[in-house]
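See structure below.
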Amino acid sequence: MSWWRTPASSTQVTHGGRLWLYVLAAIIMILLIIPTFLVIPMSFSDSQYLEFPPETWSLRWYNEYFGSRKWMRATVVSLKIATATMMVATILGTMAAYALFVSGHRLAKRIFMLLITPMIVPVILIAIGTFYAFGKFGLNNTLTGLVIAHTALATPLVMIVITAALRSYDLNQERVAVSLGATRIKAFFQITLPQIKFSVVTAALLSFLTSFDEVIVAIFVSGGSTATLTKHMFSALRDYIDPTIAAISTIMVLVSTVLLLLTQAIGKK
Amino acid sequence: MSKTSAETVVENNQTGNQFPAVSDDNRVALAEQEKREQWKLLSLTFPALVVIALVILIPVGWLFYLSFIGKAGGFSLENYQKMIEYKSYARTFTTTFQVSFLTTLICILLGYPLAYFLAQLPGRWVGFFMLAVLLPFWTSLLVRTYAWLVLLQRKGIINDFAINMGLWESPIKLVHNMTGTLIGMAHIMLPFLVLPLYNAMKKIDRDMMHAASNLGASPARAFWTVYMPLSLPGMVAGSLIVFVLCLGFYVTPAVLGGGRVIMVSTQITAILENQFNWGAASALGVVLLIATLLVLFIAGRVLKLDAALFGKS
Amino acid sequence: MNESSIVDSALPISIRGLTKQYGQLYALDTVDLDIKSGEFLTLLGPSGSGKTTLLMAIAGFNRPDAGSIRFGDKEMILTPPHKREVGMVFQSYALFPHMSVAENIAYPLKLRRVNKSERRERVNKALDTVQLSGLGERHIDQLSGGQRQRVALARAFVFEPRILLMDEPLSALDKKLRERMQIELKDLHRQLGVTTVYVTHDQREALTMSDRIAVIDNGQLMQVDAPQVIYNQPSNAFVADFIGESTMIPLKRTGNELFVGDERVSSVPDTPAETDWSLVIRPERLMVEPGTADRDSTLFFNGTVKESVFQGETALLLVVLDDGTEVSVRSSTGTATPGITANPGSQVQLAIFRRDIIVVPTGNSQR
């Protein structure tokens, strides 16, 4: 194949000479992707012990999951919290990112640093800290409390995504709109927002997943009837390997994959 | 011509240069308008700041305070003294740094070739292969940890496969120990290294490599003397993110370590669960936070991290 | 458009004491400037001179520290930009990519709640004016650079602002298109009659288009005059150097007379005793080997040819004068000019008419 002889790099190394790189990259990518997806066939096993490939196929663990009051309630709690977090974090994060990007005030950089501290402070510290403080505020075991905590965790991601979007956007467009007679707020909603909307959607989906997948804060701050799906999954994992988790994992992997492909698809437009 | 104050203008007037006097028309009104507008803008960040105060500033501040409260209830350094006295604490910190360091190292070894491969791909292929990095990134880390737990267990796929291939004879213990923890953590952290590294590599001007070639460097030499140093900031930024995230990591060591890999975060929860000792747990948390900040601070000082982390060039 | 509509479609701008400081640096240093109603005024200066800052201050996007900006007799300095009724064209055009050409142009009309049928009519008229009829439904990314420029322009004047501001609107275009657009813009200005402030760093562009040019440097206005005056009678060394090609020859001063060598050049216009003066020579005003010329009306220099360069429509001769100053002489290659092809090393005599002589102060010898 002549393809092997064609140059692959700026230094004229041929594709053939790079074979090792392609093989290595392929192995690493397989290691990244496959383990998670192996759970999918296993979840359809009929056995108490997870096997691959399953000897007998069944929907036993899915029935277990969908038939369980505990799992269903936890799922609804997680969905509620994630939805609320998504809305609050996206709005707060976009507002803050926009203000700090436009402002140029000497405090802007410091406020930005302050707002992304949830990415720097170890989550375990946030978890026990909020558990303690929320205990005093009466926010433990409430949906509100967990939404507040998850909003803090998701806002930095929103800010980073939105700031990156604003950086590749020509702010003069907003200025033009203002010179043509639009108020600043109008200019933002009519001109800026439509052009960064894909980033806003990406940020929203990221915040949803951040909340839905969050484990540690949920372990501490949620409980009883507000215990999240991840909290139940975590305790089930620590004690024994419950195959129901394979079924739940499969659903979660599929949801993540669909959401990711969605953002990739709209990003290309 | 730059002047520092109104006096200079007056001076110039005296020497005969015809500068108009400094104007004060609308000076006060303009300054007030500027201030008002800035506040209006900055007030957009207030809701987010309130959330940060509720979730970070107040709780962490409270823990900081608790860490100085002794068993008797008054101010005391006993929580910190214990940390120095008891060997188990030192072991925990050693384990934490060890795990973080090894995870970072594995991520670099696997992440650099992968990022390089992605950065060299023609544009239309990048999106597809990038999914390999993004998909794990978007998947729940609990699910990924669970997947490794299943794969690595005594009768798991890895052991079956290895025995069938004749790599080893009887099942090896791959999980509930350091090996399992490292495998799981490297898998979870890899995207955090590859993404910034890929971005840094994308910014390297292709003409640099052309120039190196043209000046007589062999491909290998051009790579090591030109490409590698230019990609270094991205690699350092990525490694730092990984290292710092590892320091405070909880889920994966708790599940895949099976109680045998005790990191700071797992010990904090153990203290709370078993002894309900807020002072000790807080002190441990404060030290963890300080260690994290110290790593970031030193790295920031040495490497001008701002630029690498936040993409401001 | 008739004369009377020109009068009420434009507003004069009067700027007094405008000051903007960034730390120790003055971006605008007590600028006073009067822009006449319907005038095309260009702010010309090197990058960082403050010309864009001044334009943005007029538009309301840059808040000065002090001063006054009046449109007509109305103080505008505290008015927010969306209430200034000023059309603006940016260097990047800043067209809205999520709207079609027609939607872009209709945007200011929508904000002013102009009804749909009138909107369509005015958009079409604006498209006609910029010669883009029929392209209203196009998407922005389907347009060429020149077309985008025209859309940005149409969008800026469609709501009939009485002031039009442009920030280097042609700098992204290639040379040929830029030169055509310069003529078109000037034409459009004549049609609209709107007061226009135009920023550029390109002196040729400024000379081509402007009624008057304001040369700006370090936040200060260096000279505000018609193009011919700016070129022929620069009032200081910066303007002389920045506009056109020139050679500066320092002059000796004896009393109130200025000399180059032994030759009297002129008398000092006014007399702060410590000011130094220089002779400004435009390369195209120098004559090579003039033969017999009148000493009273002509100044002569002797020198040696260093280099002779053919540049297409003109040729350039580099001559080192006897006192060591290097001057360039430009002459048309169309007419046979004696001496212009002189070989390096040969002696030449140069001459300039005394009426073409420019002297400028070059600073204060005490400083």
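So that you can tell them apart, the chains are marked A, B and C in the order they are listed, and the count of residues begins at 1 in each.
Assume a contact is a pair of C-beta atoms (placed from the backbone, for glycine too) under 8 Å apart; a residue touches a chain by one contact, two chains touch by 3 or more.
Please read these numbers as outputs of a predicted model, since none were measured by experiment.
In terms of which chains touch, the assembly is arranged so that all chains touch all other chains. With centres defined by CA atoms alone, the chain at the far end from chain B is C. In this assembly, the C-alpha centroid of chain A lies 17 Å from the C-alpha centroid of chain B. A straight line joining the Cα centres of chain A and chain C is 54 Å long. The touching residues of chain B, when paired with chain A in their complex, are 38, 41-45, 47-49, 51-52, 54-56, 58-60, 62-63, 66, 110, 113-114, 116-118, 120, 127, 129, 131-136, 138-151, 153, 155, 157, 187, 190-191, 206-207, 209-210, 212-213, 217-219, 222-223, 244, 247-248, 250-251, 254-255, 264-265, 268-269, 272, 278, 281-282, 285, 288-289, 292-293, 296, 311. Across the complex, chain A meets chain C through its residues 170, 172-173, 175-184, 186-187, 191, 194-195. Contact residues on chain A toward chain B in their complex (touch as defined above): 8-13, 21-22, 24-25, 28-29, 31-33, 35-36, 38-39, 42, 49-52, 92-93, 95-96, 98-100, 102-103, 105, 107-108, 111, 114-115, 117-118, 120-130, 132-134, 148-149, 151-153, 155, 164, 167, 209, 212-213, 215-216, 230, 233-234, 237-238, 241, 245-246, 249, 252-253, 256-257, 259-260, 264, 268.
Residue ranges on chain C touching chain A, taken from their complex, read 59-61, 81-88, 90, 92, 94-98, 107-108, 111-112, 155-156, 159, 165.
Contacts from chain C toward chain B in the complex involve residues 16-19, 24-26, 29-30, 32, 63-68, 75, 77-78, 218, 220, 272, 364.
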